[in-house]
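Chains: A, B, C and D, in written order; residue numbering restarts at 1 for each.
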Amino acid sequence: MRIARPRAARTFVAALAIGLVASGCASERDDDNSGGDSEVFVFGAAGDPAAIDPSLGSDGETFRVTRQAFETLIDHEPGGTELVGGLAHDWSSNEEGTEWTFELEEGVTFHDGEELTAEVVCQNFDRWYNWAGTYQNTTLSYYWQAVFGGFAENESEDVPEPNYVGCEAPDELTATITVAEPSANYPGGFSLQAFSIHSPKAIEAYAEDDPSGEGENITFPGYSQEAGTVAGTGPFQVSEWNKGNGEVTLERFDDYWGETDAGVEELVFRTIPEESARRQALQAGDIHGYDLVAPADVSTLEEEGFQVPIRGVFNILYMGIIQERQPELEDVQVRQALAHALDRQNIVDTQLPEGGVAATQFIPDTVAGYSEDVQTYEYDPELAQELLAEAGAENLTLEFCYPTEVTRPYMPAPADIYELLRADLEAVGITVEPKPLTWNPDYQETTRSGGCDVYLLGWTGDFNDAYNFLGTWFDGYTKEWGFQNDEIFDLLSEVRTEPDVATREAMYEEANEAIMEFLPGVPISSSPPSIAFSPDVNLPTVSPLTQENFAEVSFK
Amino acid sequence: MSTKTDKIDRLAALTAQRETTTGGSLWVEAFRRLRSSKMALIGVAIMALFVVIALIGPWIAPHNPTSQLWRDEVFTNRGEFVGPRGENWLGLDHLGRDQLSRMLVGARQTLLVGVISTVLGFVVGALIGGVSGAALAFGGRAGQRLDTVLMRFIDMMLAMPSLLLAVSIAAVMGQSLTTVMIAVGVVQVPIFARLLRGSMLSQANADYVLAARALGVRRRRVVMGHVLPNSLGPVIVQSTLALATAIIEAAALSYLGLGNPDAAQPEWGVMLAQAERFFDEAPFMAICPALGIIVTALGFTLLGESMREALDPKLRS
Amino acid sequence: MPLLSVDELKVTFQGQGRRASTAVSGVSFDVDEGQVVGLVGESGCGKSVTSLALMGLLPKKGVRVEGRADYRGTDLLSLRPSAMRDLRGTQLAMIFQDPLSSLNPVVPIGVQVTEILSRHRGMRGQAARDEAAALLERVGIPDPTRRLKEYPHQLSGGMRQRALIAMAVACAPRLLIADEPTTALDVTIQAQILELLKELVDQEGTALLMITHDLGVVAGLCDDVNVLYAGKVVESADRRNLFAEPAHPYAHGLLNSIPRLDAPRGQPLNPVRGSINDQIAWADGCAFAPRCDHYTLECLEGAPELGPLAGAGAPAGHQVRCVNPVRERLETVTLADVGAGDDSPAEPVTQKEETSE
Amino acid sequence: MLRLVVRRLLQLIPTLFGLTVLLFIWIHRLPGGPAWALLGERGNEAARRQIEEQLGLNEPLLVQYGRWLRRLFELDLGNSVKTGQPVWDEFTLRFPATFELGVTALLFAVIIGIPLGYFAARRRGSWLDVTAVSGSLLGICVPVFFLAMILRSIFAVNLGWLPSGGRLTTGIDATDVTGFAVLDGVLTGEFDASWDAIQHLILPGLALASIPLAVVVRITRASVLEVLSEDYVRTAESKGLRKSVVRGRHVLRNALLPVVTTVGLLTGSLLSGAVLTESAFSFGGIGSFIRQAISDRDYPVLMGFILFIALLYMLINLVVDLTYGLIDPRVRVN
């Protein structure tokens, strides 16, 4: 052993040494990386997907991957937020909005060769509805519970009552889904990745391995962790998930039903957690694109010839106020003072990526129900000071929570934004106590359980319905806002069950005006997360919902 | 007669004028060697500079380090930063604050974190190490057991990667400057403990200790009066090195988003962590604090190293 | 001409940050072919430094060596390191004081012996091993082939010293320098080692420079003796004369300090006063003056010269560095008495001496 | 010998057991639970309660520990809360990366560190010494995350010599046998794969090597200095041996003994360095995974992984002790 070790070492050393030298000379790395090679498109993701079965997912990284292999009944227009046909070219509902009928496309084949029929659609929905055991855990079935409520047999009182009733297939290509009561979640909900249609064969296979009964573990079923079983209808099919290297590989599906096949043979999502690492990977030519580009890098990348298309906005960043923490905060004048104190335009100008706008209300202007005539609060420190004085809250002290080590699509650099807001607040004589918390999980928990006076948070819409924004916050009392305002609460619970879209929009506008008058918090901005691509690719249409379809990508 | 005395005086004078070349205590010796070591000189110079800045920084800072005086001149979203210029010698940071002022004021924070956390690690570590060392050396059976328990505990701490330990501490205690100090300090504990214990044991077997004990000097006396003072050398040296590590670990914590919560209060670690994002657009922003940290840490390390060497009797030239 | 003639050897240390200190301030003596010369003095008088200087083993940095040391006409002190390397082991060899620390703890004895053979005698493999075994045999190590494989810590003190000697004589050097070869050993072993040394030099006609503080050893071994004090030779004479009539107060004191068997009970010992530390710089006078019983003002008139012992019946070649040397003849110091000195070889050696007269 | 090994191994058990207890309490002291980590913006109270029930986090800590221990004896470390996969699988999946990285770093440290330390010692006090020592010390003084970024931007972005991160170039066909990328390539004869893997190892290896390098240089230098003043070196010189022999057989051979022991102790610092290095180079090893697990409050993963690391650390040091006995005849174990 005393001899063996050094010898082994020596050889390895030699290898390394040669490595250094050779890689020194071999600058051919550059060209073989500058795209064009072997039709492989590599995209840098910020995190690993949770699973490759979209039905089990709830986060963007998962959906970004599955979206390439799975399709939903309804889809969004490329680069927009309007609902358009997906696997169903047409859809409609009865007046009550309790029966939703979908006219399916013809000749849609799954990756495993199965045909798409109404039956298959029903199989999918019934599968979700009949989920039991671990599947009923929010981790695995968040969206189902959010959109269709509970299951055939709820196993925990924390699971909501089911709103899904059933699904019939009157003919080959017509599926009708019945729900108990109408909801603002329909039809938008049908466009969610979570409700992508799987192949019947796959569904049978899924049934085989059921993660439930694993004791105290929340386990993702095996099929959702490795390629092979899952099968959708998308332009790509998942061919490999190498967890060690953090790479999901998809390859072009040649029998894709859509008119155009994918532009590249192979699509790889590689996980690169660190922001600067992602950028440098792109610059070094190791990847061909990545999302959530830091605003500061945009110009640099553009100068270096990289393509940085600008998305539409579909998110909102706000400063939440938890009123019940301090009597002063329950005084609307004080809240108005805060609103006037904040120089939101400055943040948009200096911090947020191009295309960002200062927000006037809790939804971006791209969402139906956006009201032009809400009460607005200009940047006006003097006024703010007056208001504070009137309210007798000159020496107000605020505990200001902000998240660390995170960037969100709506909030590129939380710490910086906090710094600016804090400066503004202090400018009008408010004392600010900083309370930074790591995004996961401290920040989530603290803000949700009402742990701070004011805090930064935001939301990216799932689909184009204002309820998807407002509903999540104001349809009842929550600790994270800590106020009672029945006018607003009622308005929203009313709108939730309003079947008619047009009526809903009117009500949303009303709601927005009411909210901005009551001012539960200060909407700050809507800003598009930047996405960057290497110079040699033809871009996909960028989407405000960050739902890029990489089938559109090809090398120049 | 007179000649006699004369002789004696003359002789006495001669003998006296010839000072001994050997002699001088360990420390005097060490100091003598230290003076002549290039490394030590560099180290001391750096350290002195740093301390001075830390002390007077706030007064010589040209601007208020926390107020965003030029915030409408910096556009991070367009990658437009303000580099060094007449008004701001080191340019502005990403929120339009004067970089130079932040560096100057930041030095104090940095030093504070370094010193306090090191002291913490030193005290706790020395306590554990001292107790178990003394126990093992003079505590008989019971002492041995105590020592075993303590050392096992130390082993556990050693076995856990220091950074993870620090991170988890920061997580448990929530973010604050104190947390950073504690997190960084705790990581040092096992090192100090092991070191002190080790050198105490070696001292405990030294002849003079045996002699003292043979003379029936009380154990406490022996430990406190002889063993401990003589064992402190390496521990003290370690603390200089620890100071360097502390500053860096603190930076790492800030980088992981667990640093000083009040990001407005300049501290080099935090500054570096924040500026790193803009390295391509505004390298100067990262380089200032980076150099600050690196040079300071190097200063302490060099000093520590040369002290270690100077104190090491085996390495006398 | 002598094999080695050292002339005004001067060694000064200029250590890190420390003031320069002179360890050897002008030592001169000769060693003839096959002669055994003693270099005597208390610790710190610069005898070891002298030997290292001759072997060129003093660190290059911070040490200044002046003077000449002519070995067969070449000045060792000005020799190129590489040339010196070739001399060491072949022409000059050295035996050190502490056999344990002088042997490499992690290398088997065998290798430590064979390496010198392969270096100077170009022996390899089995041949070298056999020769090594033979050498060990020769220095009286039983079962040498087994010993070859062993490590120093597995040998006894005497064995180690024998091994060192084996290495030293491996290439039959002309001059062997032994620096206190016996002090680290216990008395009985000392005798054997001295015995061994004597045999070896006799057989090979090797000259031996014996460095020691032990008058017993001197008595037992040396032909000529040089007494060193504070880096200078203070007395140089042939053994008998020195023991019979030590002229320099220091040498006199040394010999006088040896307790005598035939001394009446209760008679106090008479050691040399003070320590090496209370001395004065030679420039100011006789370094020994502070400890000298009968010094006069002249003693402080600069360093006295090393000159032949004046006066009637003074034997030739007896030189002393003293203004007013002791003239009283030590009442018959017999070698046996010397042998009885505190840490001196046990009987055999001295007996041998006796008979050899 | 064997008995000794066994005894030493048995001694580990109480330590490890104690560790599990402390660890368990400590980890569960982490505020917040995995629920929020799992759900992010979309979490809510009900969901949290549901998840915690599922995970049995609502039960008293003692019960939870008991259950954990019981399962440990069934060699079941539970599943990661985040990925839902068995902890053991996650470990085996990620350990090879960290191992390769650590070994590379050590190699760099040794290959560069020992000669540097040696020459620094020989020319002690010279400018070579000063530069070598301060140069190597500079390593510890540069925050790893910063060093990593600099390395990337120089060698990956500007020079384009080396990949900016990851373990293998995407699309390279490497068959996974053992999980050790370099080894696999050799085994399957896909040398281009190992080659590629090696290229990916260089930058993170260098970044991670910074600390061990400094240590190795320091130790080597100190112990060479010490050995140089040893009598046996003088003896060797007095034999007129060739420089090479004196330095190789007599100086280095002895001087390297302490270096061996330190290598063992380095594993600790290597692992904690790996935390930053791995995430900086998106080199999916255990370091970055644990780091993530802490913020995800992924209790099973934390317990499992840290236990493994501790065990690894202790074993390595045990091995080092024993090998030390082998290479130093004075410390022959019996």
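Going forward, a contact is a pair of C-beta atoms (placed from the backbone, for glycine too) under 8 Å apart; a residue touches a chain by one contact, two chains touch by 3 or more.
Molecules present, by chain and UniProt name: A = Peptide/nickel transport system substrate-binding protein; B, D = Peptide/nickel transport system permease protein; C = Peptide/nickel transport system ATP-binding protein.
Computed from a prediction, not measured in an experiment: that's the story for all the values here.
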Could you find the chain whose CA centre sits the greatest distance from that of chain C? A
Most central chain, judged by mean Cα position vs. mean of all protein Cα atoms, is D
Chain centre separation in whole Å, for chain D relative to chain B (CA means): 25
Express in whole angstrom the distance between the two chain centres, defined as the mean CA positions of chain B and chain C. 50
When the centre of a chain is set as the mean of its C-alpha atoms, what distance in Å lies between chain A and chain C? 89
State, to the nearest whole Å, the distance from the C-alpha centre of chain C to the C-alpha centre of chain D. 55
Contacts with two or more other chains occur in chain C at residues 16, 61
Residues of chain B whose C-beta touches two or more other chains: 37, 171, 174, 256, 276, 279-280, 317
Check each residue of chain D and list the ones that touch at least two other chains. 31, 124-125, 149, 153, 295, 327
Residue set of chain D touching chain B in the complex reads 14-15, 18-19, 22, 26-27, 29-31, 124-125, 127, 130, 133-134, 137-138, 140-146, 149, 153, 218, 222, 225-226, 229, 268-269, 271-276, 287, 290-291, 294-295, 306, 309-310, 313-314
Spell out the part of chain D that touches chain A in their complex, as residue ranges. 31-47, 49-51, 53-56, 67, 78-79, 81, 83-85, 93-94, 96-97, 103-104, 107, 110-111, 149, 152-153, 156-157, 159-171, 176, 179, 195, 198-199, 201-202, 279-282, 284, 288, 292, 295-297, 300, 326-327
Could you pull out which chain B residues touch chain A in their complex? 67-68, 71-72, 74-80, 94-95, 171, 174-175, 256-258, 261-264, 274, 276-281
Chain A residues touching chain D in their complex are 2, 9, 12-13, 15-16, 19-20, 23-24, 26-27, 29-30, 33, 38, 40, 42, 48, 50, 58-59, 134, 137-139, 142, 146, 156, 158-160, 211, 214, 216-220, 225, 242-247, 266, 268, 270-274, 276-277, 280-281, 283-287, 405, 438-442, 444-445, 448, 457-459
Could you list, by residue number, the parts of chain D that touch chain C in their complex? 124-125, 230-232, 234-243, 245, 249-250, 253-254, 257, 327-330
